[in-house]
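Take a look at the structure set out below.
Read from first to last, the chains carry the letters A, B and C; within each, the first residue is number 1.
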Amino acid sequence: MKWFWLVAALLAALLAGIGLGPAAVPISELWQSPIVRDLRLPRALLGLLVGGSLGIAGASLQSLVRNPLADPFLLGLSGGAGLGAVLAIALHWGGPWAIPLAAFAGALGALGLVFRLGLVGGAELDPRILLLGGVAVGAFCGAVMTAIVSLAEASELRNAYLWLWGGLSGASWDTLRVIALCLPVPVTALLASARPLDLLVLGEEPARHLGADVRAVKRRVYLAASFLTAVSVAVAGVIGFVGLIVPHLGRALVGGRHLRLLPASFLAGGTLLVLADTLARTVVAPRELPVGIVTALVGVPLFAVLLRRWTAY
Amino acid sequence: MDRVLILDVRDVTFRYSGVARDALRGVSLGVSSGELVALLGPNGSGKTTLVRVALGLHLPRSGSARILSRAASEWSRRDLARVVGVVPQREDNLFPQRVRETVRLGRYPRLGAFGLERAEDRAAVERALERCDVAGLAERWLWTLSGGEYQRVRIARALAQEPRLLVLDEPTASLDLRHEMELFELVRRLVDEQGLAALLVTHDVNLAARFADRLLLLSDGNGVASGTPTEVLRREQAESVFGWPVAVSSFDDRPQITPLRRPS
Amino acid sequence: MRQRAHRTHLAGRLVALLGVACHGAAPRSGTVGALVLRDDAGRVVRLAAPARRVVSLAPSITELLFAIGAGDQIVGRTIYCQYPPAALQVPPVGDGLNPSVEAIVARHPDLVLLYRSSHTDAAARQLEGLGIPTLVVRHDRLADIARTGRLLGRATGRDSGGEAVGRAMDSLLARPLSPVHARIAYVVWDSPPIVIGGGSFLDELARLAGADNVFHDITTPSATVSIETIVARDPDWIAVVRDSAGNEPPAWARRPEWRAVRAVREGRFLVLPGDLFGQPSPRAGVAVTALRDRLSNTTHPTSQSP
């Protein structure tokens, strides 16, 4: 029943995302309109995939670092992506895809660096080392980025920050094709880690005693979740809040077992982002709100309601 | 019932890297099915280290640790978890969980392909809940349990693994008298009725003496005495290991130790 | 955090809030030689005599000083003051954003001109404390150029030059060119799409050139919109302001989502040079003519089909 509602909510959000927008499209022409075909539909689907990725990545990372406050962007990826974008602009890398590709490369660089730091001295992705390493790498990338921006004279560069908060405006069928190719492997890897993640939440030693190959699971989960985050930031910038709150929404809805929690977080993350983006595009039309603000405005009250149910055991 | 030697630690020496002295020196320990062995010793005597070596988490510098005649370090974690169930001293409960959910985690090493739960897994969970007398709590959140209930739930989770050896690390720390007794009675019953082997790490010398078949007394990394409670808990032995004058009496034919007041 | 404050330089100049109209004329001077001026921070500034050694801390102020004939009175400028070329002969005193009081004082100015922002108020107070008079100005719309031109004219003893700039702007504003029925969308940034609204001087330039800004109804200088909104407004032209040289369409024009916009599909781009269109300037008349020329010379733009 819960799953029915999760899927129904997602479908409703997708319908709203396709049917509503600042331009008036008569319902009868909904399926022929190029606005719907080329803009709204790819944007809604991109919202589903990015929101879902952030949801599932957030849920797995929270269990990996055993910290309910962990957010996929906590591990330095947004700093790396921003640095990549700034470099692409500063070095005049041409082409319509230069910035997203450079941001993706930057995020992957940060991912690799944090991963390497997490293994220093046999730390074996100790959550504390991972979090500290992530924050440090993120801060370092941010400092380099700020230095480049403030020293350069190119006016375009000052707008590089804007790119990081880009939201879903870059949605197109091409973007969708790329992200659809990137998602299956990491999502499958996370779903396959669902059982050992259940154990990992208890702590590493208890997880070992219950039969989990802790070392392999941690590496797999870190790499898969971070890769999803890197893909998300490359196509949609930093969208806050989804990866932090959606896992808790998921736990309140379907419980803490990852075999249910991970798919539920994907569905709920997709729903939240599609819904938030639809509101962002329509409520102050013709202007548009930053989608990250709307995810918080929609997500927090929802979370508060569920939190009450959750604690009233 | 035929006694099968499950845990066989022989003459083990172990040293942590970067530390100048051995944490264990020539210690041996055997646990067979249908037998409850208690591991005793003061803080820092090497009890937890010995358990970790026995379970293959540390490699001994010399000597051997075998489980069912195979070196402990050669077992995959999954295969080992089907033979040995451990109730560790500490674990996190980061996110809220219900009793049945946590007991289900014990089935992890026995789940079939794709991690799917089968009828036998569900049956094993219910059996484990019954045996530990926590079936009535199955739908409760963990955080609403008392300390004694919580420990019984954790033992149920280890039983859901359907192990042949149960290892309990200080299971009665911070429990009151009644819950402590209930827990020891539960472990004894599991050993007697199910033929489990059990290794119990504890501070409580007197309860260990009353419930265990054999004791191993550790002191400063050395196995100073091993055998039946009567063999191990001799006065001069206990006084030297615990560094305190004691009197030894007898109750139910088991030795009991009473620490003496130091004359002022 | 979305820090709109970071949207600087080009976008920042556009985003800035502004007093739209010019509030009355500058106050009259008192005794002969001595001046009493009111600046855009609302301060009353007294000068014993018109300034002879002026430090300008903004490119637009430097340009305006040259325009009113006070160019040879400038003794300090920012590193960004590149227009007119004669400005390059003046020694620079920093980037103007975080004014270096020490470098300014070393030029022995008798007046320092600052562009009003959150940074400049503190610097103005510091300079006043050292006995150096300061004027804080802000001109985001064309009418502000007329007012600032007259103010600077009086402050530097170039009253007639200031008046000439003021009158030129007044008459420019009073006589828009005949409509050409060209509908323009200024796109400042592509992701997220940011366009120029009715609160910007660029909107005025379009109107004066006889064109319409399709986002005139948005009252702020700039706003984030979705591509869908641009599609719905269906502009004939996409105008982009660019500092670097080149006439080719921006790279984002090749992104598939932007091809939903008719003007992008048809390659109807107006690439406008940043030195003329990047800020409101006394050359607004030139800008209007340039824009008008672009619009009338390309009434049938060559379609760049994919």
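We adopt the following convention: contacts are C-beta pairs under 8 Å (C-beta built on N, C-alpha and C of every residue); 3 or more make two chains touch, one makes a residue touch a chain.
The structure displayed is predicted, hence computed values, not measured ones.
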Centroid comparison with subunit C (C-alpha atoms), farthest chain: B
Most central chain, judged by mean C-alpha position against the global CA mean: A
Separation of mean Cα positions, subunit B and subunit A [Å, integer]: 43
Where subunit B and subunit C are represented by their mean Cα positions, the distance between them in whole Å: 78
Mean-CA-position distance for subunit C and subunit A (Å): 39
Subunit A-facing residues of subunit C, complex: 2-3, 6-12, 80, 188-194, 215, 217-218, 223-229, 231-233, 243-244, 251-257, 259-260, 274, 278
Residue ranges of subunit A in contact with subunit B within the complex: 63, 66-68, 194-196, 198-199, 201-203, 205-206, 208-214, 251, 255-257, 259, 310, 313
Residue ranges of subunit B touching subunit A (in the complex, touch as defined): 55, 57, 76-82, 84-86, 88, 90-98, 101, 104-106, 108-109, 111, 115, 140-141, 144, 157, 161
Complex interface listing, subunit A residues touching subunit C: 21-24, 34-35, 38-40, 42, 94-99, 153-156, 158-159, 161-163, 165-167, 169-175, 237, 281, 285-290, 292-293
